[in-house]
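Multiple structures follow.
Below are two complexes that have subunit A in common, paired first with subunit B and then with subunit C.
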Partner chain A sequence: MSLNPLAWCAWAVAALAVAFVDRNPYLQLVLLMVILNVWLPYRGRATGGYWKVGTLLAVTPIVFSVALSRFGQHVLFRLPDIPILGGRWTLEALVFGASTGAALLLVVAVFGVLQTTVRSADLVSRLPPFLYRAGTVFVLAVAFAPQTVAAVRSISEARRLRGQRSGWRAAPALLVPLLLTTLERAMQYAESLDARGYGSRHRSRYQRASWQPADHLVLAASTVSLLLVILLPPTPYMPYQGLVPPFPTLVGFGAVLLLAFPALLFATRREHHVADLV
Partner chain B sequence: MHASAHASTHRAALVVEHGSSWGGPHLIWKCVEFAQATISGIALLELAGVNSGQPPQVYDWGGGAITVCQINGEPRQVPDRCFGPVSGPNWSDWRATPAGWTPRNSGAAGYQVGDGDLEGWTYAAGFGSRPPSVTFSQVCPPVAPPAPAATATRRPALTEQPAVPVRASATTMPAPTSTPPPTIEALAPPASPTPQARLATTSTSRPTPPPASLAPLLVLGTMIAFLSGLFAWNLRRRGS
Partner chain C sequence: MSLISFDSVTYHYPDAQAPALSDVSAQVEPGQVILLRGPSGSGKSTLLRCLNGLVPHSTGGRFAGRVQVCGLDTRDHPPRVLGARVGFVFQHPDAQFVLEDVEAELAFGVENQGLPRPLMRKRIEEVLDQVGIAALRRRRIKTLSGGERQRVAIAATLVMHPAAIALDEPTSQLDPQAAEDVLQVIARLVAELGMTTLIAEHRVERVAPMVDRIWTLDRGALTDEEPRTALANGGARPPVVDLALRGGWAPLPLGLREARAHAARLPHRDAPQPEVAPVGPVVVRAEGVTHAYAGHSAVSGASLELRRGEVAVLMGRNGCGKTTLLKLLAGLLRPDRGRVQADRPVAYVPQDADMLLFAPTVREELRDVTPDLTRPFTAWLDRYPRDLSSGERQQLAIAVVAARTDVLLLDEPTRGLDPTIKQALTAFLQTRATAGATVLVATHDVEWAARTAGRVLLMADGEIYADGPPRVVLSDSLVFSTQVNKLIGRGWLLPEEVPV
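Right, the complex of A and B next:
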């Protein structure tokens, strides 16, 4: 089952709004389950890196918050007067860091789902004509960083296979082949763009994506979820004012649950469409 | 710093400006006398008695950090857990410097007020508004030195000054509640009360949480069960 990229973008915007606005642990838990459900049909498309980054981002605020904040009434332990780290280490700071880390993890997870479900080329092709050139250049520029990292890895591996030194000491020796590889890739980009008529007046499309009823459903559910989060935001959770979070309203739960629509559509589709997923 | 009228008594001026929608007196000036060399900002509020003699509603962040939530009955209803919406009105603390009013960047218990200091509190939205232009001598006019015998028997006392409108918009004048006679004994305790004592006083007026209900937990449990079932169903279909 493939949804329209714009429907996925609407879902991602609504999910990001929920992740940013709802800092309530109950809603964060439900949103994480929703994202896992939506991600499940597309798992296996190299999303492990996103979860590693998300976990790292989730742990970092906990460490910083509990180590640097001295506020709170539930003292876990006290350290002697060491600069910066000395003093009371409190449970409130730990919970506040965990809440922030959970929000970051959710944001990364949303982008992970978007990465696995939408091709950047599909998004660029749907840009309005006056943004098409800028969008293409932007996507190529963004793709430059991971491709450079991949090039460094391949060059390092080639050096190891030849019995040459690897590691950070070999970094100067990598510069010249890396520069040549990057220039070669840039030339290939230019030739590809020229071969596809980039810059000509009319833009051609290989395949024009159509809107299916499922796209309308996902778009409508995401829009309603976004409006509910913006117009009826839940009570904010402030661990320093009270460790026990306030319980969200049914509206808050409903706004999060609406984001599970893509997973519901997958669950109710016909069996013979399974092959479309892979 | 202004010289104190008495060798053992120090004075600090306090200006409290209510919000624009406040029904009562908009501006209140108080001249607070105290025996200690310095007192905390929260102690100044308590000694001034601007909250009808009660300590101001505060929130204790732990570690000695205290935020003031209600002064002189404003806001009428203290929001749950002391704070309302972030963008809503709140009390902000200011200190007078030669360059004008400067916002305090620490909690009311995190700084000390000494003799001749001028403190201001305003109730406004966002980052607060500056208090009106006031000088220390307007709030605490110079007094003649008392007789030596009176000085020997006098303890730190609280004096109140009725507010005078210093801005055209500040037309309301607080009714002088009770100007203490010169011989009144100190309303304030000889030493600043401990934070625990203040919090014990203020915590009694906080709204009690409603009794816990099982309905929200049932809702959460149902949602988690539904999403877990959906995950298992999709996992089975994905694997098939």
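Right, the complex of A and C next:
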């Protein structure tokens, strides 16, 4: 089953809003479950690369927060008075970092779902004419992400081949070749766009937009979810003010659960399909 | 009136002292097929980029003279306008793709032209049939093989109905069969549509029979000649032309078909049995090696031994597992099953040699390299490595890695190399092997393999299915055989060894 790319975009906007606005760990956990449930049936042969990146991003704020923040009442341990790292390491800083990391993981997960479900060509073809150029640039930028990851891998490999250090400690040395490689590829893309008449005159559309009842349902559910988060924002969770998070309201749970519609629709369609076959 | 004309064109890249094109004047008539040949860095790509205005609009630099395409002066019209007149197929098809699906990619150009949807649909359907990729229309581009990608790139250009098409080494990345498929597409366009075609190609045997003129570039200067004259005068030429010149065949045949009558008069003699070249002890051994990427098997149960003092070549179609096997031997990948043993460090030069070069000058890249390896680079020591031509970069990357060990694994080192540099590479590898090095090269270049290797391994579907001397493995093969072998058979591989 495939949904209209704009329905997916509406879903992604609502999911990102929930991920950004609500740092309540209960809701973060439920949202993560919802996103996983949406991703699994649509993932096809996609691998979990996005989840690896998301997990890495989730760990980063924890490390920074706990190492750099000295606020909080619950002291885990104290380090001698050395620059930057010295002093009290607190549980509040750890939990705050984890909360921020979870939000980043959710954001990456939302983009992982989009990357799996929406083809850039479909998205570009449905953009209004005035957004076409910005959309194409965005699509190219998104396409660049996996290429940049591949370039990092190739450059690290090349350094190993030359007997030079690789791994995270070699990161600064990777920057220049990575920048050069990325710039060269950007130039090639620019030449290709130019050579194929990009921006030459009024553009026409090859793909026809189709809008099914399922798209309406996902759009409606996502819009309601977005409105609930904006109009009835949850009580913010601030670990530095209190470590125990408040239990979310039903409205909060409802806003998150509405985002499970794509998974529900997929399950319903599959049951119908199985019934037809029987 | 000519479709394309170059009028005293001289062009310098920004900050370059020497011109990339020097006083170039030439014309292309409608329907002509032009072959561009010349050493790496001689200006072939630059000249092609002049046709759609990428030079100088995109590159900058100093441009003198005039290029006219379909009556449009390229100085006055940007590439986005000229692109509809001259379709451009890049050397790396991946550099050309903007979107991720075949059909969307084909539509991109005609959408930019603002055509009504029914006309776009008609054009796309037509080009799918012309190029023979109708079965690929719903596929994602990243799932296509190299040959399929190049055909999609050609289709994406043709769909805009250009008056001419320029192809920058379109087969350099492809295995022999995929290259043949792409060239058949080009031949069909020429024969059925009369498409004006300019094609830059080092392996001229692939295109020589279909061209009307040959443009030879040397340090930016162009010589425009009739094909037989150009090939007789020197430069890159098909092995069958070398054989014909030795035998004094007239008129000079440009391809196998024209050469067959002459070849029938050659002495009916078999090639001598291959001599068993002396090689040393085993230095690298792989036993039943298997590797898969995300469940897709790349190498399945491959076994081989590499010995001291040998130059071996690994061949097979795109995606058959050559690169994965090299990486397994080099220790860059771990086998899922089986084992790899190496007595000494193994050096690997990847396909994209650029990744190995990141110092600001050639001198710094070669800092730890012995003087005998730096000698070929004396003239470039103060240049920025990425400003070198692709062939020069490849040479530099090999030198940089070769300095570290005596076991060398090279992945497609002859891509985009001109014959002179290929000869130098052959000499370099054979000298290293004589001195005790072990060399394994993955390549699609059958002619180079026959000239360079003492042993050829053929690979398919992750397995090695043939292993032996070139004269045995490359004889009587429909795909992996040299042009001379296709002409004469009987074990002959190279023009200089055939008795005439």
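Going forward, the second predicted complex is superposed on the first by the 193 of 278 C-alpha atoms of A that agree within 3 Å, B and C clash if a C-alpha of one lies under 4 Å from a C-alpha of the other, contacts with A are read in each partner's own complex, and residues count from 1 in each chain.
Convention: a residue touches a chain if its C-beta (ideal position, glycine included) is under 8 Å from a C-beta of that chain, and two chains touch if they have at least 3 such contacts.
This one's a predicted model, so the numbers in the text were calculated from it and none came from an experiment.
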| item | value |
| --- | --- |
| First (subunit B), second (subunit C), both or neither touched by A:5 | neither |
| When both partners are placed on the shared chain, which of subunit B and subunit C touches more of subunit A | C |
| First, second, both or neither for A:26, with subunit B first and subunit C second | first |
| Touched partner set for A:101, first subunit B, second subunit C, both or neither | neither |
| First (subunit B), second (subunit C), both or neither touched by A:193 | second |
| Subunit B versus subunit C as contact partner of A:262, first or second or both or neither | neither |
| Contacts of A:61 with subunit B and subunit C, given as first, second, both or neither | neither |
| First (subunit B), second (subunit C), both or neither touched by A:239 | neither |
| Subunit B-facing residues of subunit A, complex | 26, 29-30, 33-34, 36-37, 40-41, 43, 70-73, 87-88, 90, 92, 236, 238, 240-242, 247-248, 250, 253, 257, 260, 263-264, 266-267, 271, 274, 277 |
| Parts of subunit B lying in touch with subunit A, wherever the complex brings them together | 59-63, 65, 81-83, 86, 216, 219-220, 223-224, 227-228, 230-231, 233-235, 237-238, 240 |
| Subunit A-touching residues of subunit C, taken from the complex the two chains share | 52, 54, 57-58, 78-81, 83-84, 88, 90, 92, 95-101, 103-105, 107-117, 120-121, 124, 156-157, 160, 294, 330, 332, 347-350, 352, 354-356, 358, 386, 400-401, 404 |
| Residues of subunit A that touch subunit C when the two form their complex | 45, 47, 119-122, 124-125, 136, 139-140, 143, 151, 154-155, 157-158, 160-163, 176-177, 180-181, 184-185, 187-208 |
